[in-house]
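Following this line, the structures themselves.
In what follows, subunit A forms one complex with subunit B and a second complex with subunit C.
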Partner chain A sequence: MSYYFTILSPTDVPLFNIAFGTSKSGGDGIARFRFPDTAQYMNQFIIHSSLDVVEEAQWMNGNMYLKHIDTYPPASAYISAFLTPSGARFLLLHQPPQLPTNNVSSATAGSGSILGSSFSGSGGSSSRASASSVAANPTSPQTEEAVRQFMTEVYENYVKTVMSPFYRQGMEIKSSVFRGKVTAAGRKWL
Partner chain B sequence: MSSATKASRIGEELWKTRVDKVNAELVTLTYGTIVAQLCQDYDGNYQDVNKQLEKMGYNIGMRLIEDFLAKSNVGRCANFRETADMIAKVGFRIFLNIAPTVTNWTSDNNQFSLVFDENPLADFVELPDDGRAQDELWFSNILCGVLRGALEMVQMQIEAHFVSDVLRGDDTTEMRVSLVRYIEDEMPPDEE
Partner chain C sequence: MTQPARHAAMLSISNSGSNLAAAAEKQQPAQHLHTQSQSSQGLRVPSNRKTIYDRHLNRSRNAELSRASFAFLFAEMVTYAQRRVTGIQDLEKRLNEQGYPLGLRLLDLLFYRTMSSSTSSSLSSSSTSASPPNRPLRILPLLHLIHGPLWRLLFNRPADALEHSVSPETPNEYMITDNDPLVNTYISVPKEMSMLNCAAFVAGIIEGVCDGCGFEAKVTAHNQPTEMWPGRTIFLLRFGESVMEREKVLERAGVK
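The block that comes next holds the complex of A and B.
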């Protein structure tokens, strides 16, 4: 599983980006996206295209963690979102490793999350994942829970980082401490 | 009973009974904002920021000593060692609820170090990564000024500066305090 994590300000300015891979089940923590290295902008593209869904979903309930909200089937990229009360969005793109079979097109009836399936109209015609492997299934409850833990931990560190007097609202987060903490959270939960 | 333990006890007692408490984050954020604003006003000239912080502290210290003496009701210290314990265990306890360690005395008992295990002024702080702040800015430099101002009012001329700071990546936060001289009562200069 490869991950791309972004923090966006309330006005959609990117504040922080990081790409990393899974460390679970023998992963080495290095991101291996399906795009060629020249097309890494696809991650940002997919994440930003999910913002409409985030804005719809954010009023559905009072939770900060919006769970899996959007899917981009051509790249089998899944987006989970977390909103801070001040309107910053944490978006996590996860992409399962390429499987040998044609899993993307044959959309079996997987256990899509509630929000994910209710918004499938905006995400594309076949936004359901194939549940071929639990570990690589981005919509399973275990994954949702792991992402929630990850988001919560990042949020705690985000609060501390923006409390620094040298940080100005809306500024890019350059703190290496914060980057280290996000990496550690990714290693711990994802 | 050593003067250090005695001072600790006085400090604890005063902290529990005589001191008004405020929210620590209020203090931290206010101080942080002041320093950040100074850095902006001086356009990143950190030497000037250090100087300005020291001066602000000096003006605070000159008045704070009165409050300290009124609250603590302690008498004159017999020697500079006792003064050091008073500062570390009573002064810092009352005003910041910390008690830095007094250590590294010189043999003539005129210089010591205060080692801060915690520093409420610097919570949440990360110095700007412009390549210079890490080497030039003493974030908590106001404390040096406070000590200088306070001790000057009780006839001690001292010099205080930070020698290390965890914010810069050092292992400890350490302030070096040296006694320059005891200020003797001086006759006012002759007007004729």
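The block that comes next holds the complex of A and C.
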């Protein structure tokens, strides 16, 4: 599973972004997207195109975590969103790894989609019960829960950033400590 | 929303406003080192190795700010704002702008604290039962948020009244009343400036909260003394046209 996470200000200015891979099921934490390295802008393209859906869902649902809101089937990219009360958007793109087709396992939560699951359960070493299913199925409740935990942890660090007297809304977040905290949250939950 | 313009106009004074945020939250100046030095190659951290990210955001029991130091700081802020103004309206506008960035921050902090207290009470990490607070989508929940939780966060008590304008011509006006605003307790306004109400600062905080939630609004503070409450202040919230339109759409859609 590869992840691309980005924070957008209420006026659609990108404040922070990071790409990382799963550390569960023996993953090494390095992102391996389906695009060649020269086309990494596709992630940004897909993630930003989901903003329309976010803005629609924003006023229909008062939750902060909007769950999985958008899918881009050609790249089997799934996008989850989290909204802070002050209007910043956290968007997470997750993409299951590409494996040979004979490797398709039986989907656990029955998503019914051929894109849903193509991960062979190699996660014997992981300790968490939810961990192996995070990688296995991007729309399962376990994944939703893991993403929610991840978002909540990032939100905590985001609030700390915002509370800094030297930070103004709409400023890029450059702190390496913040980046480290997000990476740690990704390692912990995703 | 009018945010970008406001932020641009605010650059010069936002420091004083947000310094108050720091003081109000009892953060030590140690964190400043970190933020300032991040552009240089080596990251400098405070001597106790604790950056702002290592501090927790919940209010601890003894972390309350003394009223005297707040009164002193606020008096300085009023003096600062008064220095280059042309009139009372200008002064109130400046106080408002000092409060505005504070409102944006408090909003996030408020939700974070409500969220963490609701999860810690259930004490389970799975926490499917603990529901985080909802973002306000309609005007009324927003006003209740300001009237209750925000006022408690700032002043340790809810506001005294919440009213809707009775005039059919101004359905976009709401009023929040505070019988004895903390910010005005130690401010004596000279006779020739009797129109001035320094709670314009609090009005700015409210405006920041409304804007942050996506409710474009203008908030002003007005004196409305009664015999019992000589310092009674009314915060008048005027929501923008776009908010009222959305309100109608959401009402039809049945969003609460």
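We take it that the second predicted complex is superposed on the first by the 157 of 190 C-alpha atoms of A that agree within 3 Å, B and C clash if a C-alpha of one lies under 4 Å from a C-alpha of the other, contacts with A are read in each partner's own complex, and residues count from 1 in each chain.
Methods note: a contact is a pair of C-beta atoms (placed from the backbone, for glycine too) under 8 Å apart; a residue touches a chain by one contact, two chains touch by 3 or more.
A quick note: this is a predicted structure, and the numbers were derived from the prediction, not measured.
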item	value
Touched partner set for A:Lys174, first subunit B, second subunit C, both or neither	both
First, second, both or neither for A:Pro165, with subunit B first and subunit C second	both
First (subunit B), second (subunit C), both or neither touched by A:Lys188	neither
Subunit B or subunit C, by number of subunit A residues touched	C
Common ground on subunit A, meaning residues reached by subunit C in one complex and by subunit B in the other	160-161, 163-167, 174-177
Parts of subunit C lying in touch with subunit A, wherever the complex brings them together	1, 3-4, 7, 11, 14-15, 18-19, 21-22, 25, 27, 31-32, 34-36, 38-39, 43, 51-53, 55, 57, 101, 104-105, 107-112, 115-116, 126, 128, 132, 134-137, 141, 212-214, 246, 250, 253, 255
Subunit A contact footprint on subunit B (complex, rising order)	25, 29, 31-33, 35-36, 39, 123-129
Parts of subunit A lying in touch with subunit C, wherever the complex brings them together	10-11, 58-60, 62-65, 83-87, 145, 152, 155-170, 174-178, 181
Sites on subunit A touched by subunit B in the complex	160-161, 163-167, 174-177
